[in-house]
Each structure stands twice: as structure tokens, then as C-alpha cells.
Amino acid sequence: MHRRQLNWIPLILIAAVLFSACGATQAEDVAPAPQEPAEEPIPADEETSTEAALPEEPTSILTVDALGRELQFDTVPEHIVITGKANWLIGHTLYLFPEADGRVLAWEERGGNTSDFLAAISPSFADVITLAQGASAEQIAPLQPDLVIMKSYLRENLGSPMEEIGLDVFYANLETPDQFYAEIEQIGAMLANPGHAAEIINFYRERVEMIETRVSDLDETERPSVLVIQRTATGEDVAFTVPPMTWMQTLEVTTAGGAPVWEEVTGNGWTTITFEQIAAWDPDVVLVIAFRGDPDALVAELESSPEWQALRATQEGQVYAFPADFRGWDLPDPRWILGTTWVAQTLHPDLFSDIDMMNEVYTFYTEMYGLTEDQVETIIVPMLMGDIP
Amino acid sequence: MSTHPIISLRDIRFQYNGVGKPVLNRLSLDIPAGSVTAILGPNGSGKTTLLLIMLGMLTPQEGDVHFEGKPSSGFSRSALSRLIGLVPQGERIAFNFSVFEYVMMGRAPHLGTLSTPTSGDEHVVETSLKQAGLMRLRDRSINALSSGERQLVTIARSLAQQPQALLLDEPTTHLDLHNRSKVLDLLRVLNQNGTTLVVTTHDPNAAVSLANYIIMLREGRLVAAGNARDVLTAENLTKTYALPIQMTHVDGRPVILPPG
Amino acid sequence: MRLDCSFHAGRQYDAEVEYGSITTMSDTMSRSFSTRKLALFGLLALLLLGISLFIGRYPEPFLMPPRLLREDLLAQRLVLYLRAPRLIVAFLMGMALSSAGFVMQMIFRNPLVSPGFLGVSQGAAFGAALSILLIGGSPLLVQGMAGAFAFGGMLLSFLLARNIRFGGWHLRLVLAGIAISALFSSGVGVLKYLADPLRELPDIVFWMLGGLYAITWDEVIVVSPIVLVGLGVMLAMRWRLNILTLNDESAYSLGAAPGRERAIILLAAVAATAAAIAVSGLVSWVGLIVPHIARRLFGADSQYSLPASMIFGGMFTVICDNIARTLLAGEIPLGIITSLLGAIAFALIFASHHAAGKST
């Protein structure tokens, strides 16, 4: 298994530092991707086909991206480049569609092996061209992609130059459930499989509505006060960060019938708070996220520290490690549905006693990503972390 | 008082950074203990360099320096600073020390690197200020003084240092006549109390009024050295300055007349 | 006496000298008065530290009723494990930064320099970040690298200043310092954004604006030795520092080895600063403004104004950190508060200074 590498990250960091270089690297050698034969109408190689409407050969494809821009294609894009910050979020969402497999031409490797999940579930991902971090129009244009997908906030610096040289760019947000539904629909149109888009949306909506219904009758006193924290790099057990009110982490809590205690914190990113503030809030439940780390170990560390031991939530056993597999379930990744379900069950075990989280995991991966149960067992389950009952 | 000359130089050759034309070349001279020695010469004759060598701060490429008959290598920095002090020309003070604080700095050679002044040191400073007639200015900021007062304060600092010899670089240059006479008076008192003075000046008349020993330099070489009476002749002065210089006497005191 | 009489004619100069009266005031006081003044401020500092133990967000923002300390386990743990070490580090850091600024101002004879403006602080941040990334976060290594790059930053600033062609010495040094500071700041940015996918390094905000939210007793143990030694060295040479502000010839004539002694003091200052910044990120303005305040109240003699600078620096940083951790639910980066208060103090002090010539 090899990937053709066009660029490599400068080996000597010091040189980059001394010249205060930005991260842009130059393409060394560009081997153009072999042209694939024209696209056939949607191949259905997913394991779990549903009784959705049969896709038809489209005469022309129309789609609207998160910024409201209309894009038109004659056929389904064959050579898609996914680049920019959080491109893994886009990739994971795209791969909810079986059509995505084989259609991704190039992927920006932003450090930290962000393609790990896709590489694990898709053998053909090995052929995807790796772009070095910081790839821009210069590196991508020579690949002659049909479509470039990136986060919408990257438009000004990354996307516009590409638009100007005539590349088609699709901007995605995918940060909240509503955005998710809307953009899944458009991605379905883009991949000429609106039926599957509907299935996906249905899958999510069912579960969310189930949760919302069950918690709707709860009054304020029955909604536990919840704190969601992520550790800082140096903070050990005394300093953490909390997410903004608009982010998925918070939305999972409110959907699941919890009351976020950190409402007074204003900030449009992760904001640092100290343990003292946590003590002042005195939450009923604490959910602890470890970014690309081990949440169980983190919780164990906290529970063994003297100040956390004096906290009521710890004493009542209400400090939980937020689950993750390849990615945290707190993120706006497609796993957010697993996260929301888990939070609901954690906050209201009595209301969700019929939910079996492991079963949910299997269902999610088999239905959404078309994995076999064996694949879930061998690929996903070993990566599971957190307080999953 | 020692019978050795307090400072003695033999065959000194000095070049800055060890390269180029020597600033001082084959220079030998003695500073008699207890004297007031004036080093005369035009600008560029190497007077300041000579002073710094006498201070022990510059080391000549060739030649020996002796203090009180002992080679300079036998002296530690603090021992040397108790022996010889310097009144520099036009010192720039970056901070608003009071006159008292500034004069107290003169006590440094008698304090260790890690010590702070004692009441004994304060007493010496007060005495030095009184001697220089500066008690009135004691708490004034040094940067607020006139240049004449500044010069006196710097000398007071050297008084507090209590060295046996004091080197002064152009002490009366840039002073008006009034301050000039004050400085010269103070220096006379100093010398009367036993301090050897070595004064560089390009003003021959200042040298005349003060010094009993004269050294004349031109381009790093000795023109003449000896008792003022013997050495101060129009001929020597003309050789030193390469200008026709005349001498006359007023009230028995020699007066040097540069060409008009 | 003949000499004294001749001075009466000099009275014409008295009228010119009204400026510098604050310095005058402090020096009519005897040594023991200055010492007592220092002790008073020291006491004030202890008082501040004591009160600060009861300031925070728990149980309500700002003051905690002292009796809570007796009854509430959580309060006890908070004070013992969070507030106490944080206050100690804040105070030590303030002492280190302000005394470093003080000695730099004296040795470079430039009232406008400070660790943050000579590339020292930024170099320390860069060294610490580099060490964490390359070698792992062993505290000794981090501090060592921080110190090495901090000293390098200062050296570079100094060398660069010597090579600038225009402007007076003050201007050149400050400009060079800003350039070197920017170099290292961007270096930290490069490290953070290029080389840190797994987020091993603290946030860029932490590095650039500082924060004491992560301080525990572990950090106190790591920081204290170097900072205390550095402070000790500076205190031991506090009177000698006066001599080192003179020209080389004068300093030499007074028995000093100017080059070596200045180097020792600067080394102590930089080491203490780097150790503090390695755990707290970049905090600026403390080293610039506090020395001026100290000199205002204690005169230019560093024998008293250096210790005063340390005490004031510690108090200033503690006050700023109290604000940073108490004003809002979320932590405000410490550097923002110190910059705000420092810049205001800077404007007030320098705007009110009447002297046309040299500053304090």
C-alpha cells in the first residue's frame, strides 16, 4: 500500500523556524491522476441496501452548498479533493454515501493521521493522493479535480483563489444537526443519490426525535446540570476548556435533556476555566472529553486528585468519560448521533434503559458506513473508549 | 610616603586592538609620589590612552607598568582601585542619582562585590562632600547640576574613594573661569593632603597653575618630562604643539601665550 | 573656609533645579527610613497575598467568607491546591520580571527596555515550546531551553542594536529588541501550527498572552529554585549595580570588572525570567513599568529601588492575576490584564514626568 506523495513536510523544523516560514510547501513532482472512465449511474456496492427510491441517471446535477452557492455538474464528480482544516469532518460525512468510495482524488494530510478512519474502512483509500499540509490552489489545480470540498470559513483564504482559477468548490459547515440535515441532502444530490440522503437523514431524525420526546416532559428540576469539559495541554487537573453554546458538544447536552452550567461563559472557541469555577457551578454531571487522547485515563486521573475528590459530582459518581472511537462522539462528525444517544442515557438512565449502546454502535456503522458486523467488531470496537455501559 | 614613583612606565608601546599605528611608542616616565603632574599635549597625542594605562585598564603590547615599585600584575583589581582613582571627562549618568548616592559609589573599592555601604561609608561621603563644599547639593539630582558642579561632584566621589593617586582627564576643560578656579582650589587641597595628582590637559596655563611636574607628549612620544620649573620652556612647548608658543611672566607666574 | 565662601556665587543655579524633587525627597531620608519603607511594603505584599487567598470564583465571584475555610472541604482544597500555588508563582514571576526589567534598564542604560522588549521573554517562550515538542516536557529541560533561548534573544537584540546605523542608543536597542521579539514570537507560532497536530503544546494564546490557570504545586517546585537563586544573586549585587551603570572606565576605576559583573547579573535576571515564563507564557509590561514606579518612590539607588521593584512587581502581578481569574467565569489571559494596567500606568507616569532630559 503506498500513496503517491507529492510533497513532504520540511524535515528540519529549525530551518522553518529560523526563516519564520509559513507552512506552505511546494509541490515537488506532480504525477497527474489517471483519467477514469466516465461515471456510470450509481453503483450500489453497499451491504445494506434499503428500500429507497432507485437512483436514476441524472441529466444534470444541481447542488447548493452551505454558503448558498449553486453548483452544476454534468455527471457526478469523479475526482474530489477534500482539503483545509477539519477536512476529516467532511470526509467522514461524505463517506456516509457509498458513492464516495473511489471518488476521492486527493486528501490533505494535516498531521496526526487524520485519514485513519477512512483508510481503515475503505481499501481504495490507499490510492488517494496525499497532499501536504497547507496545500492550496497551486498544489491542487494540477490534479485537475472535478470538485474541491472545504469548510466554509476557509473560503476567503483557501477557496476564493481556487474559484478564481475555475475550480468548483463546495463549502460545507456540518457543525449543527440542522446544518447536517441540509447539507447531507445537497451532498446526496451531488452524488446523484438523493434516496440515500433521505435514509441518512431519517436515521438521524428518528433517533433525535425519540430522545427529544422522552425528555420533553422533564421540568427544570429533572434536567441535571451538566458540565462538558476538555482538558488543556498543560492544565492537568486544574484547568479545562468549555465549548461555546452553539457547538455540537453543547447541543448534544441540551438535546439529551441536560442543562449546561457554563452558559455564562462567552467565547467563540474553547474557553479556559479553572477547577475553582467548576466548583462554583457545582454541576450534577461532568462529561470529560480528551481530544485524541484517552478519556478513561483522564477521568481516573481527575478522580484521584484531592480537589476533584471534594467535588459533589465526583462523590456521587457522576463524572464520565465521553466516548470516542476513531473520533470523539462529541464532535460534529457523523458520530454525533452516537454522542447524543449516549449523553441521553447517561443523564437519564431510567428513561433510556432500553437503549444498548453497543448495539447502537453496531447499527450505526453497519447502516451508515456499510460495514459488516465483523468489520465493526475488528475495526471499530477495539478503538472504543469512554464510559460506554 | 613611598620613595618609589607611584606610577612608573618603561618602554611602553600601545596599539588599539593590537593593530595600526601605535598610539604610544617607546614611552618611559615616572610619576613622583605626592606630585601634581600635568600631562600636556595636543589632541591625539595619546594623553587619554596614557591615563587608562596608568589606571591599569589598558595593557600595553610592550613594556612594563609598575605601581609603587611593584609590577602591575601583583595588584588585584580592588587593590589597584584603592591605590588609583579616575575622574573621567564628561561622564554620562543615565539615572537620576542624588549627589550623595553618586559620591557613595566612590566607596566601592572598600566594599566587597556583594556588600552594601555602612554608616562608616556614609561618614566618609559626608566628609568628602564637605571638603568639596557640596553639602548644600547633597540631595540634589546629579543630572540637574551645572557642569561645574558636576565636575566637583565627580572629584568628591574620588575623595570618598580615598586613593593615593588620582588621575584626572581634562578636569577644567569646558568649565567657565569661575568653576575652573574652584576645581583647581580643591585639587590643591587634595594634593596638600598627600594625594598624587595626574592631570591631562590641553590647556597649558591650567598645568602651569597647578603642576609641579610636567610631562609633554607629542604623537605618542615623550617631548620632555621633569620639574615644571625646568621643563616649561617656550622651546619645549613649541616642540610639543608644533606651533610657535611664547611664554611670559605675570606676578612671577609663567603665562603661556598661544599664537593669536 | 575659602572653598565654601566661593560657592555662594553659585546660588544662581539653585532656581534651575526644581525638577527631580521626588528623588530629593527620598534621599533626605536616612538609610534606616528607606529600610523601614521597604519593610512596610513587604508587609503590604504579605497582606495582599493573604487576602488573595480568599478571592476567587467560589462559592460566588470575588470574596469568600473566611469561615468557609473551616467548614467546607472543597474550599479547603481549592485554597490549598489551586489558589496558594498560583499566588506563589504569580508573586515569584512578578519579582523575576520586574527585577529583570530593573537590572536591564540600569545595565543597558535605557529606561525603555524590559524582558518583553529585548527578546528575552519571547525567546524563553520559544525555547520552552521547542523543548516540549522535541524533547518532551521534562521540567528541567524546558527551563534550560527557555533560559538558553532567552539569553540568546537578549544577545541578538544587543548585537543587532550595535549594527543599526541610525538613531540614538535608546532607540536602536528598543527597535532591535522588538525585531528579535517578533522573530521568536513567530517562531512559537510556527511550532504551534506546523508541528503540533496532536496538540501537545498549549494554545498559542497561552504562549503569547500568558496564563497561570495551570499552576499547581508541581510548578511551584519547578520554578522556585531558579527564580529564587536568580533573585538572590540580583539582591546580593543590588548596590554594586549602581557602579555598573557608569562608563566602563569609571566602573573599572572603582574596582569593578564591568563586563563580567554585568554578565552575571544579566544571567541571573534572564534565568529567573525564563523559568517563570516557561510555566506561565508571555507576560509583558511588568518589567517595564514597575522599575520606574520603584525608582520614583525609592530613588535611583538600586540598593533600595531594586528590592522595592521586586516587591511591587510581585504585588502587581498578583493583583492582575486576581482579576484574570475572578472577573469572568472564563479565564482572561494574564498578559491582557498586565498590558492593560501596565500601559495605563506607563501613560500616567511618563505623561506626568516634567523633565525634558533623562527619565527616572
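Going in written order, the chains are labelled A, B and C, and every chain counts its residues from 1.
Everything that follows uses one rule, which is that a contact is a pair of C-beta atoms (placed from the backbone, for glycine too) under 8 Å apart; a residue touches a chain by one contact, two chains touch by 3 or more.
Keep in mind that what you see is a predicted model, and the values were worked out from it rather than measured.
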Most central chain, judged by mean Cα position vs. mean of all protein Cα atoms, is C
Greatest Cα-centre separation from chain B belongs to chain A
Taking each chain's mean CA coordinate, chain B and chain C are separated, in whole Å, by 40
Chain-centre distance (mean CA atoms) for chain A and chain C, in whole Å, is 45
Chain A to chain B, mean C-alpha position gap in Å, rounds to 81
Residue set of chain B touching chain C in the complex reads 52, 55-57, 77-78, 80-82, 84-86, 88, 91-98, 100-101, 104-106, 108-109, 111, 113-117, 119, 122, 131-133, 136, 138-141, 143-146, 148-149, 161, 167, 178, 181-182, 185-186, 189
Interface with chain C, chain A side, in the complex: residues 9, 13, 16-18, 20-23, 110-112, 114, 133, 232-239, 242, 262, 264-267, 271-277, 279-280, 291-292, 305-307, 309-311
Given the complex, residues on chain C that touch chain B span 1-4, 6-7, 9-10, 13, 16-17, 19-20, 23-24, 27-28, 31, 106, 109-111, 236-240, 242-243, 245-250, 252-257, 261, 295, 299-301, 303, 357-358, 360
In the complex, the residues of chain C that touch chain A are 56-61, 73-74, 76-78, 81-83, 126, 130, 133-134, 183, 186-187, 190-191, 193-203, 206, 211, 213-216, 218, 325, 328-331
